[in-house]
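Note that subunit A is present in both complexes that follow, paired respectively with subunit B and with subunit C.
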Partner chain A sequence: MDTRYFDYAATTPVDARVLEAMMPFFSERYGNANSLYGLGRDAFRALEDARERVAAGIGAADPSEIIFTSGGTESDNAALLGILTRVSPNGGAHLIVSGYEHHAVLHPAEWLAKHGYELTVLAPRTDGHIHPDDLRAAMRPTTKLVSIMHGNNEIGTVNDIKVLAEIAHEGGALFHTDAAQTLGKVEFDAVDLGIDAASFSSHKIYGPKGFGALYLKKRTPFETQARGGGQESKRRSGTQNTPGAAGFARALEIMIEEMPVEIPRLAGLRDQLIDGITSSLENTEPSASTGARLPNIAPLLIKGVEGEAMLLQLDNKGIAVSTGSACSSGSLEPSHVLLSIGCPPEIAHGSLRLSLGRFTTDEDVDYFLEVFPPIVERLRAMSPVYARMFGSSAS
Partner chain B sequence: MIYSDKVMDHFNNPRNVGVIEDADGTGEVGNPVCGDMMKITIAVDDSERISDVKFQTLGCGAAIATSSIVTEMAKGLSLEEAAAISKQQVADELGGLPPAKMHCSVLATDGLKVAVDDYLVKHGREPLAGVIQSADPNFDPHADEDHHDDAEVVEHVHDHAGADGECSVCCQRP
Partner chain C sequence: MARVFVAMSGGVDSSVTAALLLEQGHDVTGITMQLWPSSDAEGGCCSVAAVRDARRVCDLLGIPHYAWNYRETFEREVVAPFAAEYAMGRTPNPCIRCNDRVKFSDLLAKVMAQGAESLATGHYARIVAADDSALRLARGIDPGKDQSYFLYRLTQNQLRHVLFPVGELHKSEVRAFAERFGLPVARKAESQETCFAVEGDYVPVVSEREPSATRPGEIVALDGAVLGTHDGIANHTVGQRKGLGIGGTGDPLFVLRLDAALNQVVVGPREALAVNRIEASDVVWYGSSIEEVTAAVRYRMPASVARATYDGERLVVEFQRPLYGVAAGQSVVCYQDEVVIGGGVIECAS
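So, the complex of A and B:
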């Protein structure tokens, strides 16, 4: 059975055009970009060409502002730890992160809080956005860094980074954003947004896994988190991943080229899914539906059903999805993202995230809308509390 | 985290789903806040053996599969035997459960214990099972902050499941 893939926010397949761009750098042009002979110079040129293209793609002022990394998680860790430990080596500085960040931001922030830094975790409002006034109120004279994600991976809301960065700067703090979910799906111009640092991931945009970038505006204080051979202008040691860089640069170019067509197409499919589900099943709603949103994420709350049970039943039908239920993650608590926007845990256990992408077709959406309602009805019929909690049967 | 074939079979084709009308004993455990809840009804024959069992469960694959298999295991047993089914026996019968899912088997065994006790209490007798007594009021739920990541601790944590089967560690929300 072919997989009907509705989990593009988790990862994406490598696009054939991206793979083609990467292939020469495995076995033919395999030189170390730091070697002085011809093979090395060739790899170096390819790496710097990729850097220029990535810089252009995200609107950086200069290619030297791009540090290649192993992905979004490394970029987030490097941004938080690298900036704060340079700005304030002995601790004491105040850091603000939003409460629905990816764990790649939350966990380093919590680590910093245990090692002498002050941390404020800023809650989003119930509409799923970080409100500028809330950030303004959280700022302190000692605030040195603010990290707020561009687009949320579970509920798809997109924050007004330009305004938030301005507020951080007014208070004398630097601003980082995790843009792993928005790259190539929402306009991104680092100079125009006025940010100091941003994290990007390659495998979310049809590039290879294990590759990403950290944008670091010139003169942003930064303590390297990987010491060694001094690659990436001493900001990230380790032999550079030339095929990864070539693939990421190509992947980003394709995303940007196709944006004008893809964004409305995906937003249309997203709305079709949300409308189709909410109209055919009672007690269902999107977990976020107002303000700026990612075109490819349909975040749904299916009340009175546990998420993992839905996920497994959909898997039986060849459909791949994500859920924010506790049981899917091996933890016992539902998604911190949903809890942060005020979603009660008993509702959060029934969350379903459908994320669409380049290879999602109208037919995939139709198929989903056909097979999903009976799955929910069957699970609700098995529940001892559905009727009691939601006041009607699942017939 | 991968489920055994038998877990998937019981999840996809759960046995004994439903409610016994005029049941002799009813057990309801869990809490939707924790994401899982089970209701089990039993019929008891003249020789005090369980002649029929049915269940309803809100929960994940493991919660549904453990509920389903416990109904199969309980049929024909004496009340004492049914109340003595352990979470490990349930897991073994299913060909094993992922460590993070071991607590789901507690839901099923506790549900059955509560149903047996319900029968006994209705007949003016002492309850058998120690479900309620197993809750430790002095247990500090946050003594080990990383308990979610540790399979061994997850099991330990659920030895402290509350009277209603609710996990006292992870579900202390209003």
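So, the complex of A and C:
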């Protein structure tokens, strides 16, 4: 059975053009970019070429502001820990993160809070955005770093990073943003946004898994989180992943190139999905629907049905969806993102996230809209019947 | 060919359950319930390792596997009442409650709503037909593994939609099947402890929810004489001898009773523990108003000859020979031969 893939926010297939760009660096041009002979110089050139292209893609002022990493999670961890431990080595500094960050930001923030730093977790408003006034109110004289995501992976809302970064700077703090979900889908110009640091992931944009980048504006204080051979200008040791860099750079170029056509196409499919579901099924609504949003995420609340039950039925039909974000245990928690925007837990359990991408077709959307409503209707009809039959306390 | 879901813990019994059903030609899906937040702890039926093991087994068998979140339900239906019972000086059995209120209610309902005909688990118990065409729960074939004690509350509706394939097997056969199927868990150690007890200790779980249960108090004799202090009634169980911290030269002392109102642990000689008559509430009963039975008040306890009387509300079980260490909150389960004819939650014993 062919998979109808509606989970591009979890990961994406590597684009054939990206794979082609990577291939030479596995077995032919395999040199270590730090070696001093021809093969090494060749790898170095390829790596620096990729760095220049990534820098251009995200609007960095200089290629040296790009640190290649193993992905979004490493970039987030490095940004929070690296900046704060350099700015304030003995703790005491205040950090603000938003309440619906990815765990790759939330967990290091909580770790810092346990190790001598002050933490404020800033709640988004019910529309799914971080309000500038709320950030302004949370700032303290000791605030040294603010980390607020660009676009949310579950509900698809996009924050006004330029305004938020300005508020952080007015208060004397540095500003980091996790842009893993928005890269290539929302305009991103690091200089124009005025940010100090940003995290990117390659596998969300049809590049390989295990690769990403941390943008670190020149002169941003940073303590390396990976000590060793001193690669990446002593900011991230470890032999560089040349095929990863080549793939990521190519993937980003394709994203940007195709944006003018792809963004309206995806937004159209997204709206078609949301409209189709909310008009054919009662008690369904998007969990976020106003303000700036990612074009490819349709975040839905299907009341009275558990996401887990829908996921299983859809999986049986070859449809891949998510009920929130994929987590390492494979289990499904009531989403901290939905809870943070004030969604009651019993409704958050009915969350379904459809995320679209380059290979999503009109037929995929039609197929989903045909298959999905009967599944929900059946589950809604059967669940209470069986709950009564077996003395279940399930809601 | 029926659509069957198997509750999988990653352990050998549920893995073999899935493999056997698959071999019989059923359309099998694996489910792992995540019950507990401290899921990075080793062992237990719901750790991350358990989910991973269950996933590997399902992958090997070529069947789909899903992890379902039952943390809130488990807390509400099992853990919170468990702590509350301890705070009242009772000794609850969380496995019985989990089977009754989570596994064979919520999970079964959810599985049925998915279009399944049955839910199978790796329990060592059997389902047999009674004379009146109703179904009864019976002991598993392997006397050393029988888990019918934990399942006595199953209703007819539940029994009709539940399968226990390994109940028809001895543990050695189950292990042999696991080897034959090439299941990676064939030599895995058994987990015996309450799944949410951390290294065998459930007291932190209780004290977190019911701080009063770990408040120090007096240890008193039957005549009221104060013999020492205890570190909270949750740390003690009726019948317990060791760990009282009141060594002496006289006869050994046992915990006779936990008095929650006075926060006292009442101790006395072993003879004072002896009871012949047990009264139970919250009864499940398939017998007549008076039945000659064998009955057990704990898992793995050899069932003892007794007469059971059920008046439609209370179950009274009178044993021929005295039992020792019977605590309120435990379940008394009655058998005729191998078949469970009912049981209830112990309220008092004398």
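One rule holds for everything that comes next: the second predicted complex is superposed on the first by the 374 of 395 C-alpha atoms of A that agree within 3 Å, B and C clash if a C-alpha of one lies under 4 Å from a C-alpha of the other, contacts with A are read in each partner's own complex, and residues count from 1 in each chain.
FYI, a residue touches a chain if its C-beta (ideal position, glycine included) is under 8 Å from a C-beta of that chain, and two chains touch if they have at least 3 such contacts.
Not measured: the values here are computed from a predicted model.
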Partner chain(s) touched by A:T290 [first = subunit B, second = subunit C, both, neither]: neither
Which superposed partner A:T239 touches (first subunit B, second subunit C, both, neither): neither
First, second, both or neither for A:F390, with subunit B first and subunit C second: second
Partner chain(s) touched by A:S279 [first = subunit B, second = subunit C, both, neither]: neither
Touching partner for A:G304 - first (subunit B), second (subunit C), both, neither: first
Where subunit A meets both subunit C and subunit B, residue numbers: 306, 308-309, 312-313, 316, 328, 330-334, 345, 379, 382-383, 385-386, 389
Subunit A-touching residues of subunit C, taken from the complex the two chains share: 29, 34, 39, 48, 51, 55, 64, 66-69, 71-73, 76-77, 101, 104-106, 108-110, 112-114, 155, 157-158, 161
Residue numbers on subunit A that touch subunit C, as the complex places them: 306, 308-309, 311-313, 315-316, 328-334, 345, 379, 382-383, 385-387, 389-394
Residues on subunit A engaged by subunit B in the complex (per definition of touch): 304-309, 312-313, 316, 325-328, 330-334, 344-346, 349, 379, 382-386, 389
Touching residues (chain side subunit B, partner subunit A) in the complex: 1, 3, 8, 11-12, 14, 17, 28, 32-39, 56-64, 98, 100-101, 103, 148, 154, 167, 169-171, 173
